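One chain, subunit A, appears in both complexes that follow, with subunit B as partner in the first and subunit C in the second.
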Partner chain A sequence: MGIAETRISQLQDRVVGLSVPASAWNAENRTAAVERLQSMGLPAPRDEYWRFTDPKSLNAIEAPKAALFDPKETDVFDTVDRLEIVFVDGVFDAVASDDLSGSNMTIERLSDAEGHDSHWAADCYGALEAIGQTPVQRPFAALNTAYATDGVLIRVTGKVEKPVNITYRHANDTSDAILHHVIKLEEGAELTLLENGPAAARFNKSCEVFVADRAAFHHVRTQGRDHERRAVTYIFADLGTESVFKSFTLTANGALTRNECVLRLNGDDATAHVAGASVGDGDFHHDDTVFITHDAVGCESRQVFKKVLRNGATGVFQGKILVKPDAQKTDGYQISQSLLLDADSQFLAKPELEIYADDVACSHGSTSGAIDEEALFYLCSRGVPKDQATDLLTLAFLAEAVDEIESDTLSDLIVEKLEGWLERHRP
Partner chain B sequence: MTLDQVEVKEGVDQETVDAVREVSTYKYGWETEIEMEYAPKGVNPDIVCLISEKNDEPEWMTEWRLSAFERWTQMDEPKWAMVNYPKIDFQDQYYYARPKSMAEKPKSLDDVDPKLLATYEKLGIPLKEQMILAGIEGAEDAPAEGRKVAVDAVFDSVSVGTTFQDELKKAGVIFCSISEAIREHPELVKKYLGSVVPVSDNFYATLNSAVFSDGSFVYIPPGVRCPMELSTYFRINAENTGQFERTLIIADKGSYVSYLEGCTAPQRDTAQLHAAVVEIIIEEDAEVKYSTVQNWFPGDENGNGGIYNFVTKRADCRGARSKVMWTQVETGSAVTWKYPSCILRGDESQGEFYSIAIANNHQQADTGTKMIHLGKDTKSRIVSKGISAGVAQNTYRGLVTMHPRAKNSRNYTQCDSLLIGDKCGAHTVPYIEVKNNSSRVEHEATTSKVDDDQLFYCRQRGMDEEEAVALVVNGFCKDVLQALPMEFAMEAQQLVAISLEGSVG
Partner chain C sequence: MLEIKNLQVSLAEEDKEILKGVNLTVEAGKVHAIMGPNGSGKSTLSYVLSGKDGYEVTGGSASLDGEDLLELEPEERAAAGLFLAFQYPVEIPGVGNMTFLRTAVNAQRKARGEEEMSAAEFLKVVRERAKTLKIDADMLKRPVNVGFSGGEKKRNEILQMAMLEPKMCILDETDSGLDVDAMKLVSEGVNALRDEGRGFLVITHYQRLLDHIKPDVVHIMANGRIVKTGGPELALEVEQNGYADILAEVA
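The block that comes next holds the complex of A and B.
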């Protein structure tokens, strides 16, 4: 059997328990995704795009078991005034969630909306995912569009003051969840989306974000500390003229996390920042895969990814900036760095540039190394205990990524989480 | 589109544009009219045996080739490089072509067909009379007695002669064509051939293993510093002929050699294939410098013709403290697919890679290096400059890997690109794999390469900003170019005029 046949037969097995929900307005989008998926098949370890991350556990028919983990602390955004939406193992929890309403926006569950005859999301659902399949195939994103069981649809018409927070709880050690969100920001609209929690034993989440001209989208998420959970997540976003897109992710632990972010800057002078801080101890594999396409004049994009790894943890970064021929005056920046706290951990990176315009400033950097012994010695000589000094230097290393969060309140909460993690994971 | 019509963006020197134009005017496009002898077109076991027979090879070599051919038939062409070209019909090529006059191997240069000698003389490689190289422009500051360079000249499929063999022999150095080495030094060839680039390494290397017709062989015995620079000059002359040469360099313990490689081809409308393999073995404390000025015919302004250059080059630093340095100036070829690599196996071994790749008109270059750190305290450094003009595409593709055992190793990578005109492309595809924490890897590609401190120093001495930038940039560029041996002075001179201001990473 050839590779192509193997992929397809694996796929048939993989989707056996999944079904496409019936919907008057969404059936076509879903079926198109099924077709896309079938033409691709599942990823194989020898695929260039899966070079550093083994898709085996994501390809498996059953979700690998993930023990439940009780962090014994409150959720990260508990102190923030927010609109709360809760999913438990991918199932909406009406009791724990707030009333789905807010000023300057409409917010609905995907499964409710699919019961209607028509919907504004008909032109949006799966649209960015479909575009995002070239030049690189993303089979799990197509699988998500086709088989997502729920999600939220948010349409923002003005400035929304209160952040929307989606909490993903994990209650069943073999749960396998697929959620798909669509967020549409009309011209000049503003929204902050928060996400937190481990979600499920295996989680596939896709989020399509349409940022119209002069709109602003802020996104801060933390991926829960469950040690054995596995997740593949997608953010697809299209940016209009002078729009702003900022996304930050904190990942702690997890057997496998693959976060893909696919952005297209279509309007002039748009800004896109994607940042990530990840900390892993032991059986931890974290993969940030980013693809930013500059297709307009004068846009700015930044990618800042920092990873702290110990006890055999693996960090992966695959980032690409594509500057199309007429995207002059592009400012593209990309940095990926890892701090290896012991000899067993590894960092694998592929920071790529593909540039077809001559008047651009694009740069990238990637470094990897151990903690600076001299700095450590300096701190110790000033009376800081070695543990604390190491934590301090580690936090300083992560700061460039955390600084990408605009809201001080939110970045303080993230730093607090990081401090807690470092304290618990001292050697 | 010619460079004259290009509107150059602010910050790019006119001098740079002129230099790129100058470099890309092809001066070696003429052809030598000489009677040739061809093997039938196409590749099959009979052709493989024929090549082996023509070279008078022992049976083990024929077997080696045949097993390579067998593997090749089961392999697919690599598709991952950012290059596009029409599908190559591997059966529509000549795999063996030699001047008729070479049917009997000449005993000395006196017996070589004067037409062949004239060809090399025209290329600036006087094989016979002026064995001491003097005529190179810009080499006036060379020591008065001149510098000696031993040359192995390869014409299509055969080596036409090797100079200074006797003098080298006195030092114990073996420098001859690979076909001669297979006959004269089978024990060395058997031991090392295919030990760095295995037979089944990749599609083109495997094809080369099956059909390589000639190439150079170098052995430097322990403790010997090679008394002169060694050089191979490759010339493709015949039409529809692929050139498949194989170079094997062995630097035994504590030895040193500097090796130069040059290549040109006539101007033709149809593309020609060149698939070479270079293997270098470096033992304890030995050092090899390998420098290339690759100037194959790049195709015309409309992208017709040119050489498809698919090359596998690899150095294996086997011994402790061994050292290799690759320097390449890539100005020719329609399509380049070339990644000179270093396997840093010995503790404290060092690998360096300096590259300037210039692609103009319809040229496509996908080139870079691999630094594979296996031993402790190994060091590597990559400096790559890519320049694209016209509608050319230039890609840097590289791998740096630090294995768990490679404690305290160090890599520094810098790759910069410059685009002249808005129809070309510059791409960077680095792979970085770090598997231990005592090693440090830094990859950098930035727009402002000019160091602020240096700039400040120059300004403080009364230079204006532009002058200061020019000085610093030129100084930096010279750093790379000085890695080139003096024989490449002419090319280097032109290249120095290229500034990398306003580059993109």
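The block that comes next holds the complex of A and C.
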């Protein structure tokens, strides 16, 4: 069998237990995604963007088992006044969730909405994912669009004060969840989306975000602490004129996490920031794969990714800035850094710039380093115990990523979470 | 208070002896100064006392109030009351000066079984002491020493000393890089801490600092040893004639 045939036959096995939900308005989108997926097949380790991350456990027919970490742990955003939505192993939990209503927005479950005859999301569902398949194929995103069992559809028409928080609980150690969200911010609208929790033994999540002119989307998420969980997640976003998109992810633990973020800056003077802080100890593989396309004048994009790795943990960063010929005055910044707390851990980075406009300022950098011994001694000489001094320096290393969060309340909660993790993972 | 006996130290990485039998005792309430040519081992002595990696003690002892310093981790030495104002204070991006100070103060208190300082009390004390050293609120907020001028770094060292209230203060060339006014500020900061329970070891190249911080005893260090000890007049002699005469005399 050739490579193409292997991929296709693997794919047939992979999707045998999945079905495309029936829907009047979404059937075409779903079918188109099935076709995209069929034409790509599953990813293979030799694919350009899968060289550093083995897709095996994501390709496997069944989700590898993942023990539950601590089902009683309160979520990181517990103290935030918010609209709460809960999924348990990918299944909506009506009892734990708030009423799905709020001023300046409509919010619905995908599975409810698909029962209607028509829907605003008909033009949105799968649209950004389809565009995002070029020039880099993302088979699991197509799989998600085709087979997602649920998700939320949010349409925002003005400023929404209270953040929407989605908690993904994990209760079954072999659960395999696929969720798809669509978020549409109309002109001038504002929304903060929070997400937290381990979600499932294996989780495939896609979120398509349409940010219209002068709208602002803020996103802060933490990916749960279950050590054995696996996740592949996608954010696809289109940005209009003077719009703002800011996304931050904290990842602590997880056998495999692949977070892809595909952004297109289509309107002039738009701003897109994506940041991530990930901390792993032992059996931890974390992959950030980012693709930002500048297709308008005067836009700014920032990618700030920091990883702390110990005991054989692996970090991957693949980040690209593509500047189209007309995207003059682009300001693109990308930094990916790892702090290796021992010699067993590794960081693999593939930073890329592809620039077709001449009046742009783009910079990128990638480094791997250890704790600064001089700084450590300085802190200890003032009486700070070595463990605590190491934590301080580690938090300092992560600070540039955490500082990307605009809300101090939220960034404080993230720092608290990180402090706790570091304290539990001292040598 | 600080008792150093026949201390011999080599570099851990290479077979190079730097301290070749240092003997020195600083009594509580006294200020001792060490002068000596570049490369004679003054900073090495201060690092070894505070527990920096990279040095191997091959002989001798060092104790603070009878407690063997060489057995302790750097943070334990600090909690025991030892403080080193660095010749080259370290920049720590991402760690706020305030956070750093408060963490240090409370870590030491905790290690000594004392109650931690509340945020409010700490703030009050730090503001007051910073003010006397002309360290403004902005410098307190910035990351430790990052972007500080040479003189600002030295003043920040003295602020740390003032906050930690150590028993034994070692100042390694705290005067270098200071303008005349800053030198006065720093000296006043040091003098304010002088009391009968506290000892000082002041490493310097210049008599000028000793005009402000009057030493009780002056030592000359050369080639890894204390080669001469005397009163304040010894510093004046160095200032006027350099080291040639003294070194010739002890050779």
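Everything below uses one rule, namely that the second predicted complex is superposed on the first by the 424 of 427 C-alpha atoms of A that agree within 3 Å, B and C clash if a C-alpha of one lies under 4 Å from a C-alpha of the other, contacts with A are read in each partner's own complex, and residues count from 1 in each chain.
Everything that follows uses one rule, which is that a contact is a pair of C-beta atoms (placed from the backbone, for glycine too) under 8 Å apart; a residue touches a chain by one contact, two chains touch by 3 or more.
Here the structure is a predicted model, which means the values were calculated and not measured.
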{"item": "Side-by-side fit of subunit B and subunit C on subunit A, or clash", "value": "fit"}
{"item": "Subunit B versus subunit C as contact partner of A:357, first or second or both or neither", "value": "first"}
{"item": "Which of subunit B and subunit C A:396 touches, first, second, both or neither", "value": "second"}
{"item": "Partner chain(s) touched by A:31 [first = subunit B, second = subunit C, both, neither]", "value": "neither"}
{"item": "Subunit B versus subunit C, judged by how many residues of subunit A each one touches", "value": "B"}
{"item": "Which superposed partner A:388 touches (first subunit B, second subunit C, both, neither)", "value": "second"}
{"item": "Partner chain(s) touched by A:409 [first = subunit B, second = subunit C, both, neither]", "value": "neither"}
{"item": "Which superposed partner A:19 touches (first subunit B, second subunit C, both, neither)", "value": "neither"}
{"item": "Contacts of A:39 with subunit B and subunit C, given as first, second, both or neither", "value": "neither"}
{"item": "Contacts of A:48 with subunit B and subunit C, given as first, second, both or neither", "value": "first"}
{"item": "Where subunit B and subunit C come nearest after superposition, their Cα distance in Å", "value": "13"}
{"item": "Residues on subunit A engaged by subunit B in the complex (per definition of touch)", "value": "48, 325, 328, 338, 340-370"}
{"item": "Subunit B - residues contacting subunit A, complex", "value": "9, 80, 82, 404, 407, 417, 419-447, 504-505"}
{"item": "Subunit C contact footprint on subunit A (complex, rising order)", "value": "372-375, 377-386, 388-389, 392-393, 395-397, 399-400"}
{"item": "Contact footprint of subunit A on subunit C as seen in their complex", "value": "50-53, 73-75, 77-79, 84, 86, 89-95, 99-100, 103-105, 107-108, 111, 143-144, 160, 164"}
